[in-house]
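First chain A sits with chain B, and in the next complex the same chain sits with chain C.
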Partner chain A sequence: MDHTELTKYILEKFPGKIELLDTGKAEPFFKISADFLLDFCRSIHSDEKLFIDFLCNIGAVDTGKKFEVVYSVASVKNHIRFDFKLEQEYEGAEIDSIQEIWAGANWHEREVWELYGINIRNHGNLTRFLLPDDWNQGFPMRKNWDAPDFVRMPEQ
Partner chain B sequence: MGLIKKVPVYIEKFPGGGILTTSLDYVLSQSRASSLWYLLFGTACCAIELMATGASRYDFDRLGMIFRASPRQSDLIIAAGTITKKMSPRLRLLYDQMSQPRYVIAMGGCTVKGGPFYYDSYSVEKGIDHIVPVDVYIPGCPPRPESLLEGCLTLQKKIKKEKIADWS
Partner chain C sequence: MTASKALRTEEFLVNMGPHHPSTHGVCRFLLTMDGEVVIKAVPYIGYLHRALEKICENRTYPQCLPVLDRFEYCTSMSCEYAFCLAVEKLAGIQAPERAEYLRIIMVELNRIASHLIWFGTTALDLGAITPFLYGFREREDILDLFEMTCGQRLTYNYIRIGGVSRDIPSQFIPKAKEFIDKFPSKIDDYVKLLNENPIWVVRNRNVGILPPELALSYGVSGPVLRGSGVKFDLRKDDPYSIYDRFEFDIPTGKYGDCYDRYLVRMAEMLQSTRIVKQALEQLPEGDIKAKVSPQFKPPKGEVYSRIENSRGEMGIYIQSPGDSKKPLRVKMRGGSYNHLQVMPEIVKGGKIADLVAVMASMDIIMPEVDR
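Right after this comes the complex of A and B.
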């Protein structure tokens, strides 16, 4: 399945629930809503033609207005990969854990929680991951984060 | 007897005897400066230059510097590489485990003032002098082996000036 076929297949499989974003790259990039996340992941995991068996990465972006959580997934068997993202409001950002589909999501979700403060529902082990255990200075990857010894790059 | 001719100020010969007298300050500081065993503490790319300096081309051994894997056997800690805030308690622990006299060389921009991670970094310690007292700073990113050798010679000069009266 090449990129065009893949895009067409996914758009037809989930009509109205998924949006294709224009990135200018060959690999498709979709946007889904946050409450559709678990169903979407279950479907692409169990679908015969897709068989997405590998979660490459979970990342988050602070756009200044909203959070975006970006998932990169791939199928080792079918040689396909694509990304999708969902948006979260700044206040009370919370997403579902997808560990039941891909267990490797555990660490990625801990990282997202620790650096951005996006809460993960049903995670089970939401503890400090990369930062020191006694960290008490908030969520450092947020755009408005500040700390006593934090120096911002001056405007060029 | 080459050494004796070189330092006549410090060493006197007794005629007909095998006894030398010298200043204890001189002997102690010379021997300390000439066998600085350093702790292997490489945390980033500076460690590559440290390894190159330790290898045969630049030959750290000729200064009497041999690497040790244990802080209890070391006199010197060469902090080679980025020290993150998570790493800094470990650096302090290793420093505390060393027996006195102990010396610290801050190698590379990261250990001097945060280096390339000075701006926009939440995780890097901006200079290890917040954690341990530093004797010699070596700038560079990473410093060449020549710089490191120069830094070690500077530290040796500093140690050779020490006197027993200064001990505390």
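Right after this comes the complex of A and C.
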């Protein structure tokens, strides 16, 4: 399946629930709503023609206005790769865990929780691991986070 | 009174690391033990966290490259390569032909160097000292090649956005050819040392078996996935750059144990040698760098680009805001991150000594996990 076929197939499979983003790049990039995440992952994982069996990466982004969570997935069997993302407001950001589909999501989600403060529903093990255990200085990957001991030089 | 009543047994906790020599960096395992058998292993990471992703957000794109060098220092070339490919994809930059070849030569040589480190340290973990000396001897030749090209031996900063920083010196090609010619016979030496060594076989055969379904579910990639019998290599199955021009095979294992992972890596070094040989023969003349301003601003967009590193899939996700010379977000994905995650599953029920063998065979490197 090449990129145009893949895009067409996915858009037809989930009509009205998924939006194609124009990133101008080779691989298709979709946007879904947060409450559709689990259903979407389950169906791309079990679909015969897609068979997305490999989760490459989960990365959260703080755009300055809201959070985005980007999932990069691939199929080892069918040689398919695409990305999709969902958006979350700052207040009460919460997404579902997708560990039941790809067990490897565990640490990626923990990182999203730890560094961005996006809560993960049904994760089971949301404990600190990149930061020290007694960390109490907020979420360092957020754009509005200031390092306490960091002094910015005045602009010339 | 029976013996079982007289002897009180209980599970106990063992803290392995963070400064254990076999953890290849600073990783801590909290082990629940029943005698010598591991009941449960919980990895604790973060001792090497340097906030590379946050640092990248405050730098321009070319300034990110020295940071990427430190992402995974055994294969710095691959890290730079992954980042440059992602930025080039984002901004639509095409590197000149000669630069593409030079990059592939460097990345493949770096892959051999990285596998040699793995070979030496793994054997050292399991009690053999000679392979360590042999592996580092041949790695030295590769580092000499890098040093004569870019002046550095570990963090190269050689591959740049749109090309490479400088052309190879005139003595590079003869030296590289000399290395490529002699290297297969060196691998024969290594294989003679270990392949049928009874201690090596007993420590590795049927130890740490990773079934392919479990591997895929955990996002395991690279030689570890191929050791489990899944024939998947990004260089062949999702070819990037000019990898489709070279002939090489994808070695796979059968049982998914430590021994298969060892065989796959040894075979992979030979395949890399083949690629370097072909690339040296085909190397065209011409420019080595496309014109890219240090202040350049890629268009608005986001991209995830992945390459086959010596430790599996290395992916870089970049989001560009469009009006800034700094990225909004850089996310680095290394193979070891997922390999360490799957380890508790496969060391369960084994001996504590096997944990060392499994960890070594997974080729986990901590800077890639902690970033």
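Criterion: the second predicted complex is superposed on the first by the 150 of 156 C-alpha atoms of A that agree within 3 Å, B and C clash if a C-alpha of one lies under 4 Å from a C-alpha of the other, contacts with A are read in each partner's own complex, and residues count from 1 in each chain.
Please note the rule applied: contacts are C-beta pairs under 8 Å (C-beta built on N, C-alpha and C of every residue); 3 or more make two chains touch, one makes a residue touch a chain.
None of these values were measured; they are calculated from a predicted model.
Touch criterion met: A:Leu131 reaches chain B and chain C at once.
Legend: residue contacts after superposition of the two complexes on their common chain; A:Pro140 is shown touching both chain B and chain C. Legend: residue contacts after superposition of the two complexes on their common chain; A:Lys13 is shown touching neither chain B nor chain C.
In the superposed model, A:Val61 makes contact with chain C only, not with chain B. In the superposed model, A:His3 lies in contact with neither chain B nor chain C. Of the two partner chains placed by superposition, A:His123 touches none, neither chain B nor chain C. Applying the stated contact rule after C-alpha superposition, one finds that A:Asp149 touches chain B and leaves chain C untouched. Comparing chain C and chain B on the residues of chain A they touch gives the larger count to C. Within the superposed three-chain model, A:Lys49 lies out of touch with both chain B and chain C [touch as defined at top].
Overlap of the chain B and chain C interfaces on chain A comprises residues 130-132, 140-141. Chain A makes touch with chain C in their complex at residues 23-27, 29, 53-57, 59, 61-63, 70, 72, 74, 76, 79, 81, 83, 102-104, 106-107, 128-132, 140-141. Against chain B, in their complex, chain A makes its touches with residues 130-132, 137, 140-141, 145, 147, 149-154.
Contact residues of chain B toward chain A in the complex are 85-86, 89, 118-123, 126.
Residues of chain C that touch chain A in their complex: 44-46, 49, 51, 53-54, 89-90, 214, 216-221, 230, 232, 237-238, 299, 301-304, 306, 313, 315, 317, 319, 321, 328-329, 331, 333, 337-338, 341-342, 370-371.
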